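Shared between the two complexes below is subunit A, which pairs with subunit B and subunit C, respectively.
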Partner chain A sequence: MNVTRPFTRRKLLAAGLLLLLLIFLATFPFYGLPSYYTVLVMTFFMFGILAVSWAMFSGATGYMSLAPAAFFGIGIYTTTILYSLLKVRVFSVLPVDALQPAVNAFLIGAVVAGGLVSFVLALLLGLVTLRLKGIYFAIFTFGLVVFISELILFLEIHITGTRGRTLILPGTGAPLCSNTTIYYIMLGILVATLLAIYFIRRSKLGLAMQSIGGNEEGAEHMGVNTTRVKVITFAISAIFMGAAGAIMAAKLIYIDPIIAFNLNYSFLPVLMAIFGGMGQLYGPVIGAVIFAYIQRILMTEFPKYYMLIFGIILILAILYMPGGLVGLVPKLQKVRLLSKLWKGGGAEQRANT
Partner chain B sequence: MPILEGQGVTKYFGGLAAVSHVDFHIDQGEIVGLIGPNGAGKTTLFNLISAALPLSSGEIRFKGQKLNGLKPHQVCKMGIARTFQEIKIFGNMPVVQNVLVGATFGTPSRMTLADATREASQALEFVGLSAMNTAPIKDLTLVHQKRVEVARALATKPELLLLDELMAGLNPAEVSEAMELVRTIRDKGITIVMVEHVMKAIMGICRRIIVLHHGEKIAEGTCNEIACNKTVIDVYLGEETHAGS
Partner chain C sequence: MIDTTLRIVIYGLLTGGIYALIAMGLSLQYGVARVLNIAHGEFIMLGAMLTWALHTGFKMNPLLSLAVSGPLLFVIGFLIHRTLFKSLRTRAPSVAAFEGNSLLAAFGLLFAIQSIATLIWTANTRTYTYLNIGVEFAGTVYTVNRLVALAVAVAASVVFYLFVTRSRLGKAIRAAAQDPATAGLMGVNIDMVLAICFGLGAFLAGLAGLLISMYNALSTTIGLNYTVIALIVIVLGGLGSIPGSLIGGFILGIIGSIIIIRGDPSLSVVVYYGIFLILILVRPAGILGKK
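On to the complex of A and B.
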């Protein structure tokens, strides 16, 4: 009993802190800060979603996917295409005061649609590609991003005769919604992503994924249907990438394949997840926040040396923090434990009695 | 009725016949040794039975059911479990989690995680490793890692267990322990086929021995028959072992 009690107390404390953090984030746009900060935190959320959903599949199974940009871009295009389909027929004829609520509702629907389209696409792709192992899978997923981007570019130029689309409200030409709305929808997706990874890690599916990461052949011989597990989890992780892209479309305003399928949306989440560490589920989130922040600072303060400094930080992180930031926590605890022991056996004696 | 039966079992790697027209049968409840020189096709035969490799021709039946065309995870669920010559543990997990994978996914009936966890601890206790439940499996010695593989295989509730060189690299005391373990497993009603080079172990516990050479079955019989078989002595055992046994 004495052993378990401090443990549950710690869990309660963690849950309480998490709730406080959530309340803080939920009220953040009302603190009167410039909207720059709302957008900045929203960017943290976006990269958080991408990094966590990447780690959901790749971190556990060891299959290095470079496809986040593909599903993110699919999400962006889902919103874009749905909006252009509805713009003339629905939104243009709505009365002015009904327009914004209708568009907001549309965006939530688009987020769901973006997630679904990505899910279905990932399911089909997974069936074809998850036979590939190691570097071949990584290269395929990388090629996928380029392929979809080029395909849409081709279709736009040769079939629809356009290049790029804008997402603006009919009449006023304003953005589809406020930054605050995007902020909240992004926060909602992040919470959903974290809940998903939390429950998956504790489920049979999580165990199966981990066994694939440990030794795929061994897993197969222990009754794990490895193909099915890989395809399903690859598709689940794509849902959140697509959903994030779907709402990001409203922020980007001007959409073309080069912007929507920017390969940075593949590379950065991977680096963020590794930087933060995948041993704990909050690792990729912390990685995303710190990484995105460092990137923003470097980009604005040292635009010429941004890539150079960024690269050095990355190399140092990979060399000296193989477990990522969260990998440092047990090391720090060890240091604390040692210093406690050093201070004398008093505490130890009390614990023994 | 034999629990496992093979007819004309053949596997080609390109033009090379790794296993060639092998007929065999394993009876319920026996321990059968599979021996032969390196490259004889012993592990390939295991891979064919556990469906890691597809057959080139022939057929294998488990309790009368054809195994051709099945996947390893299906074969495992039917009741055939195995260990590996080159261990295939889940290096990213603690010991008990390794076994938990077998208990959760390998059993014929669906298990909840709670039930499977109980099964996993029992399997570890059975192989004598319950003290190491929570240790990272990478911290264990090779001998213990091989035992975890046995526990993991047992957790799938098999009727037939394929042991691939369980005793390689063990010292004599550990070999005796391992032999004892194999006997206890058999006493639970699990049929065992074991690939082994440690002749002392094979001769000590097997009821029957099958000898492979260049992918072909060259002999089959009781320990005494095999130990006196002229062909087996020539290709594998050598005079020394013959004189000793």
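On to the complex of A and C.
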């Protein structure tokens, strides 16, 4: 983990490359490519956020959360409910040229609100569930997603008498904002997520999490307040899931519990993070990009085989790539090292595990 | 009032017996093989769809079709454990790590099995009629197929109980559940016993699916709800306890019939999941289970 002096030049190079990548992504919608590509890259961002924020908590502590779909869905519903509250009273009476800026500002507010609601909910949830041992925590979070979804469905049918809501602008009936706007907000959330995980990993909190993942009882004996560390990081990771959901609502347009709380939003991030590898910060992002792309192709070309292939990849990834794609890098390096008989390296590979 | 209560209890018993059978299979897979098999319901679905296919395709008696579907599901379960879970088990650094990985792998199985079944049988809802004869009791009509299903479920539970408590293999299974390492030292072939347990779990799921298919509509997506029912019953009755599964099954069956008869059937999924979440929070080791 610790990068020491001799690597400073490498670090500068990495930072420079990252900056170039960021500039490329920030200008991407202006290259005149069809909007299909903007939406595709936006999907990469969305799954990147989910996979990285999943790894932020579960990757480090070893507590497998299947709750991403819950927080993502809560973000979606935060935007949906806030919008339907404001639609008649505010957006319908605004002059036409003030409408779009107001909706854009609203969406940014909704992203913050979605993050906050998820944060508070995760905090409460964490307090009651994180005493549970591993496997029970996993099935609890899984059951939670279905429970929230079924509960909202029941409430919608029996109390509000409706099922599903549409998010459209008053008057024109157009989507709330352009794909480009969603793209930039999603990019912003992804950058925030990556910065958060970067700083958490370098902080005392990150070390405490690593020690919980290594040996929870041991960490406790060393004076780590394990419950507090787990609850805080669980809640922080939920912020980004909720924020991503909040902006995704504008893209989905039609919202109902089955769409918002789709369990795939729990499984795909886990699969992406495992597939990409959690030894490095960028592992889940790589996993997300590859998987979101595979998913897009399978869904359009072979929709019947999509779940089958997804299931098989999940099993194979767990069986044969415990360290993920990133975990393969040191293995390959080792092969090269052996063949070249490089002088006493080795420290570098151990750093990843 | 008394009539309604009686109806609730009888319906509760009718569904509860099946619930108990479902739970026993999962209890065996998690209690002994330490695999929280979230794909358990998919084996139930396979059992049900196979029965439907054999009945409509070859006019086979649903109960007798167990001779085909039972061994088939046992072998599938056995092979899945031999290939997938065995290598996860040998590689895992700890039991907790194995449980986490095997849960994820089981999710993969869930998706794979469900989509293979949908490819074979499509997503249409299937039904067939078998012994759909009404019997009146205390003012309510019950169908014979449900009574037969209950009888078979209870008989299978008793046979299974005797097998685990009396037979030599049953003793090996109990030893493996208690302490795999020591059991291994005592000459139990652990890998074999665990694979047999997994196969037996799939067999019991298949039998439950067969019984469900006699009175319920089927589709390839019914699995997950039964998995959750099995999880609730296990948590109610205590992990690895066969009498516990029976009692837990009947308790959940009666709760279910109260919701359907006195309340709102559309609420039942919410209530089931609600009970599930509360039970995990309050008593993950089970109400009747040992800590």
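Methods note: the second predicted complex is superposed on the first by the 310 of 353 C-alpha atoms of A that agree within 3 Å, B and C clash if a C-alpha of one lies under 4 Å from a C-alpha of the other, contacts with A are read in each partner's own complex, and residues count from 1 in each chain.
We take it that a contact is a pair of C-beta atoms (placed from the backbone, for glycine too) under 8 Å apart; a residue touches a chain by one contact, two chains touch by 3 or more.
Please read all numbers here as calculations on a predicted model, not as lab measurements.
Visitor: Tell me the contact category for A:M64 with respect to subunit B and subunit C: first, second, both or neither.
Guide: second
Visitor: Does subunit C touch more residues of subunit A than subunit B does, or is it the other way round?
Guide: C
Visitor: Name the contact category of A:G213: first (subunit B only), second (subunit C only), both, or neither.
Guide: In the superposition, A:G213 touches subunit B alone.
Visitor: Classify the contacts of A:V270 with the two partner chains as first (subunit B alone), second (subunit C alone), both, or neither.
Guide: Second partner only, subunit C.
Visitor: After lining up the shared chain so the two structures overlap, which partner does A:K204 touch, if you call subunit B first and subunit C second: first, second, both or neither?
Guide: First partner only, subunit B.
Visitor: I'd like to know which partner A:L319 touches here: subunit B for first, subunit C for second, both or neither.
Guide: After superposition on chain A, A:L319 lies in contact with subunit C alone.
Visitor: Going by the contact rule set out at the top, does A:L176 touch subunit B (first), subunit C (second), both, or neither?
Guide: neither
Visitor: So in the superposed three-chain picture, is A:H221 touching just subunit B, just subunit C, both, or none of them (first/second/both/neither)?
Guide: A:H221 contacts subunit B only, not subunit C.
Visitor: Across the two complexes, find the residues of subunit A that touch subunit B and also touch subunit C.
Guide: In the superposed arrangement, which is not itself an observed complex, subunit A uses no residue for both subunit B and subunit C.
Visitor: Can you list the residues on subunit A that touch subunit C in the complex?
Guide: Of all residues in subunit A, those touching subunit C are 62, 64, 128-129, 132-136, 138-140, 142-144, 146-147, 150-151, 154, 157-158, 267, 270, 274, 304-308, 310-315, 318-319, 322.
Visitor: Once bound in the complex, which stretches of subunit B touch subunit A?
Guide: Touching subunit A from subunit B are residues 50, 52, 71-73, 76-77, 81-82, 84, 88-93, 97-98, 100-102, 104-107, 113, 152-153, 156.
Visitor: Name, in rising order, each residue of subunit A that touches subunit B in their complex.
Guide: 203-204, 207-208, 210-211, 213-215, 217-226
Visitor: Using the touch definition from the top, list the residues of subunit C that touch subunit A in their complex.
Guide: On the subunit C side, the touching residues are 36, 38, 84, 87-88, 91, 96-97, 99-101, 103-105, 107-116, 118-119, 228, 231, 264, 266-267, 269-270, 273-274, 276-277, 280-281, 284.
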